[in-house]
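Both complexes shown next keep chain A, but they swap its partner, so chain B is in the first and chain C is in the second.
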Partner chain A sequence: MSPDNLDIQNSLDKDLIASVTDLKVYFESKQGMVHSVDGVSFDIVDGEMMGLVGETGCGKSVTARTFMQLVQSPPGVLAGGNIKFRSKNIKNGSQVIDLLDLSENQIRELRGERIAMIFQDPGKALNPGLTIRTQVAEVFQEHRENDVLEKAGLKNKLSGVTEYFVKKYIKQEAGFLVTTLFKIPPLSTYKKKIDSGINRLVAEALEETQIPNPTKVMERYPHELSGGMKQRVMIAQAIACNPDLLIADEPTTALDVTVQARVLDLIKELQKRHKTSVLYISHDLSLVRRICDRIAVMYAGQIVETGDAETIFNQPKHPYTQGLINALPSMSHERGKLEAIEGIVPELIEPEPGCRFVSRCMRRKANCEEIDPKLKPISEVNKSHKVACLLYEA
Partner chain B sequence: MSNSKNTILSLRNVKKHFPIKEGVFQNVVGQVHAVDGVSFDIGAGETVGLVGESGCGKTTIGRCVSGLEPLTDGDIFFDLTPEKLVALEDFEKHQSEIKNKYLIDEIQSTSNISKIEGDDFYNYRRNCQMVFQDSFSSLSPRQLVSDIVSRPLKIHKVCADNELIPRTIELLEQVGLGKQHLYRFPHQFSGGQRQRISIARALALDPKLIVLDEPTSALDVSVQAQILNLLHDLQKQRGLSYLFITHNLSVIRHMADKIVVMYLGKVVEAGKTEDIFANPQHPYTKALLAASPDLSEDVMSDMAALDGPIPDPARPPQGCSFRTRCPVSRTECGWEVDDIIRRLEHHETLIDSIKSVHQPDAFNAKLTFETSFSAIELKDAIGTNDIPKQMRKAIKKIEVDGNDVNISFDPVQTVPLVQSDNGSLSRCVLANK
Partner chain C sequence: MQIRDYIIRRLMILPILIIGTSIIVFALTRIGGSPIGIYLSHEMSPAEVQEMKERFHLDKPVPVQYFYWIKGVSQGDLGWSGVASAPVVDVFPKKFAATMELAIAAGIVAVSLGIAMGTFAGARRNKISDHIIRVVSVSGASMPLFWFAILLLIIFWVWLGWFPIGRSDPNLFEAIPHPTGFYTIDALLAGNFSAFRDAIWHLILPAVALGYGATAIIARMMRSSLIEELQEDYVDAAKAKGLAERVVLKKHARRNALVPTVTVIGLTFGFLLQGTVVAEIIFRWPGLGRWMASAVLRGDQATIMTYVMFTSILFLFVNLVVDIIYAYLDRRVVLGD
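Moving on, here comes the complex of A and B:
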């Protein structure tokens, strides 16, 4: 954005799309500060599918929302860290920006355009009072006014002033007077053309997510669609502008297994086709293993282990990861002999130093309660597999 | 099933239809076939898993079993001795020649949950408890844990007032909670703890059967493991029977002795857990198994996903109800006129130009179009690849008569549940051969 970002630009590796360093997000409460996200660092490699796994309340959704500055403040407090993001805007070339430094207007330009998000419950994320068309069209109206003009057949055909107002109208930023003028001739012909242009863009976007009959579906309201269809609409909305980073916050939790498989296939396919990087958040380990390239396991606001999906599942090192994998019901366990992790997640209000997992850990040592474990590579050979546990610290 | 044990629950052709009401006078215009002829047995100390997608009627069965919904048709028998079960099966096979009418009458009056009255009904209510999915909404937010757990004891007058609290503590301890939790409100607990309170409440009257309606689907994996272990330990200690309703196949594989797979209100496959997982017979079961991610599988094994939505349960398809999404459908699956319309939905102008439909039954229909051109267009569209080959073959007759098109299929009976090679029951035309 500005020249002083240049020094950050050099610090982000070429193959990374985003890098989170020491991110801290706290929430104010009557009992004290809740350390929801407490020193989280991870990288997202360009074009990969990164999985963020953890139990309820471990801070995975908060981490994701921080990417888009969607954490409400107050009560949310950004206590430190940064998120560097390589924005591959075609116009200005690629540049590295710190997402947390951006002003509201700057982040608005990125939301939906370079970073998009799929939310957990499509029933709640879609506005029940607007048609699917209106909701998907918003993305194009906000970020793609030139495409709309082109589809409407108005590109390079308008004089400077008219174009300025038409663009304002598309972006829904025009005032009352202009909006009214567009309703009466001669400007109403533009309105019709713009509407049909938007319709075509929306239909194309919906078609891309394999929605049958996009022109019919466009006119419907969210309650008229099934859960799987709603989630497809959400995905269509998210990838409409072909973003660099797609954040999927448990997109299939509300869906049936069979529909889930379809939606996952779709996300995977779109990711491959558009070469989008995906941050996939889920509590379902077996699902993450199926689709993700790399995984970060979170516990109580911190990342405890990160590495390739296969390594994490075949050689989990952190006692928590091992516990999670063993707790999954499978054929290898005798009934009633599931290896549950006893105890509950600790309170995150003003936490004490020391390992957060210590109260539930089966392999704790004497100094676990005093020393904060750092996320370190497990061996010299495999630098990508990192774990935060004193057991592996020399 | 071994002959020495009692059958705790026996569902016989259970049907539950919900009326669809419309208009000012709330006229009944149709029926949603939520549960359409389901039969299975639960033996003493057995866990039966009920699996299926959302909307397949599994929760409705749970509610029917626990007496929360009256049945439309069919019977649910509670606690049958082996002799009674044999007599009942005998009676159903040869209804005309009733051998032991006295015994049948006794069964009907003492075990059929929709007919029993008085003490028997009271007894049934005590012995059949339920644990709901969402422990947020199934525990009263205004009541203390002591009230919640001791309420069944009070209502059924099992113990004296001064024994109430010690008994409640005992129950809480059985589910891994303690005395210190007695005077707290449900919102002060985590999800796993709340589900433990629900289980304690269900255990209070020492029931024979507990209906578990997705007890762990709102919980995290690590807590889910705790609850599943607890349920299993309780079953061992008390010889409980479970009706375990869930959509999670790995949980059901872990917990259930027998599995009943449901689709659109009907049982499509039923059998022993090992048999079904090792050798699923019905294409729907196969698709479910393939779609559910499991750690033991190879990564990125083909995610076999099903096409299309679940058909409307108000008008369930005749023949095989799964054929609209089935990857291995055949000519004899029982195709009907609605399937053609469903397949041609994206020919918008064509469908919009249908003026009227005269449909005496599902397999015959007369479609009237606005123009004769559209009528010919429909016939052409049916000839294209939009209609799968099996379906095209099943069409008996298609005639264009001016603006009208007559379509008829060979009528097909509902596919029965038949015993397959591995001993499990499956409802598929492929298995019938």
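Moving on, here comes the complex of A and C:
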């Protein structure tokens, strides 16, 4: 690692858990490079809930997936930037790393362990062919083999070769032969103990998300559970290792409205109890306002405005944010009429310089089509409120 | 509903399907004309011919003949094979075992190679190995069996002399009891290793020739359904848990990719049975297929009906097994009414 890199790594502010700087993720297509995420920067304060808001296709999910290196490549291309992350590993103390520099094996150690993710549609994010138990168990098997051994009553009771193979078996690293051997005596006694150990861990994890009857639920297949239940299972799986950062990618979008509220409350409650930082991604501004401490508004691959939730809501500065808030239906609106932002999202293939919002902007100025606006604080009082718009540039 | 209930329900439909099949088989065979020809000779007088007709109930209306046939079948009388000059029931089991041994060997080749190749190619989409497998499988699906079989015969038997043709040496197998009729299994049961090796050696060439087309189809299906599964959210979710690529592929994606593939495997089995006719003739394999071919040419209807009936029932059973595997792989199947 170059000294230059080290310098970047040490510069993460004390109160931050993660910081994204000038992130650029492009996708190759036949028409050209699609600039899905184009110079995104934002911070996540330790222990806070950060909302990332934007309409479909604005790059918010891609941004989230980049945290875990889950963007498929090809066609995905990481064109620049970095994501600094404070990993609060108990053994080594806290440590700042660049998530995009990690090798496949290094990022795998963090996935599900320090950074976890909840997906939009729990019906699709759970494997239809495996029981809930099998799927939740994998998190423990991958990252908590010592906990499994302890619950199985096997801790410090094994030695040498047996310990080696039992651990391999738990971590699903054993080959076909060893796995088969564990199904027949004498090794099957270990398998039984391991299974019951895993069962207890899984039941505890499910209980954490208020799933009734966890021992019964875990024997079920995903299609036998309701959408809300499935999302609870996903959440249980995500927080099983008590991660530092939880990425929630529209976790309530696929759910019924009544279930939405309960799942939201659950996430909020778990976040408070475990002091987890959350990156909450949504297209629903009013929902994000309800639960998030700070908000970043994204448009066409860029952050246009960021600040604390109340400021964004009460004093939106960017024309796009203003438009979004105007578009929210409220009690004072005339019946049957909804405000909308005119026009459509621009193509992101090899975009022209200038503000991305210019074609839809009601307040555009002459040079908006030429100059890229930079995300900057606009008032001396509230430095955390930043806007990318030429209207506020001196 | 439990898987057990599902199996019972499927089994209950089976007799109805078998009765339906028997009607169709009988009707289609009789369309070819009266089967009397094979039982007659030039020396017979009209009175003798009439006597033969009465003996085989061929003077009765066709629907009544059907019931005579069913009655015979239920009593273990499958009719007289003119080609084999013996009752069908005496010749059938031995030849059936020979054909099954070949078809199952080809099936094992096709399923194991097809799934392995498909998984390999699907996981390495658009890489060199994917392209190579594509070439291999497209040629497998498009080459006619008779041509490919003759090609193998010329190369490996005529030129290189690596593999023999025909079934194993009869001298070797005379001393061994034949509880199953499968030479490989009989040799293993008798503990005769050299006979087993010989049986396998004879099996390889026809099994590969017969299995190649099915391998190709299974590999193509497996590849495309694996690619589809790898796009699913649950694959990303599994990766987000920190699982190794290998576990994500084998435990998560492959299992679901097998669901559509298993259906294709069931259908390919019919394809294999049909192929045995060609493969047996080319490799001089003493099975049903060869017998059947001469039976068709000489209008030996008792043989034809037995053959078609048995292969249909076999096909029904294979597809029953496939449906059970299907329900095991995808539990949502069991739910439906």
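Note that the second predicted complex is superposed on the first by the 381 of 394 C-alpha atoms of A that agree within 3 Å, B and C clash if a C-alpha of one lies under 4 Å from a C-alpha of the other, contacts with A are read in each partner's own complex, and residues count from 1 in each chain.
Heads up, the rule we're going with is that contacts are C-beta pairs under 8 Å (C-beta built on N, C-alpha and C of every residue); 3 or more make two chains touch, one makes a residue touch a chain.
Quick caveat: nothing in here was measured; it's all calculated off a predicted structure.
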item: Partners on chain A (chain B, chain C) - clash or fit; value: fit
item: Contacts of A:143 with chain B and chain C, given as first, second, both or neither; value: second
item: Contacts of A:381 with chain B and chain C, given as first, second, both or neither; value: neither
item: Which superposed partner A:113 touches (first chain B, second chain C, both, neither); value: second
item: Partner chain in contact with A:325 - chain B first, chain C second, else both or neither; value: first
item: Touched partner set for A:284, first chain B, second chain C, both or neither; value: first
item: Which superposed partner A:124 touches (first chain B, second chain C, both, neither); value: second
item: Which partner reaches more residues of chain A (counting touched residues only), chain B or chain C; value: B
item: Least C-alpha distance (whole Å) that remains between chain C and chain B when both complexes are overlaid; value: 5
item: For the chain C and chain A complex, residues of the former touching the latter; value: 232-234, 236-245, 247, 251-252, 255-256, 259, 329-332, 335
item: Chain C contact footprint on chain A (complex, rising order); value: 65, 68, 70, 104, 108-113, 116-117, 119-121, 124-130, 138-139, 142-143, 172-173, 221, 223, 234, 237
item: Chain B contact footprint on chain A (complex, rising order); value: 55-56, 212-213, 215-216, 226-229, 256-262, 264-265, 283-287, 289-290, 309-310, 313, 323-325, 327-333, 335-342, 344-345
item: Of all residues in chain B, those that touch chain A in their complex; value: 53-54, 190-193, 220-226, 228-229, 232-233, 236, 247, 249-251, 253-255, 277, 287-288, 290-296, 299-300, 303-306, 309, 345-346, 348
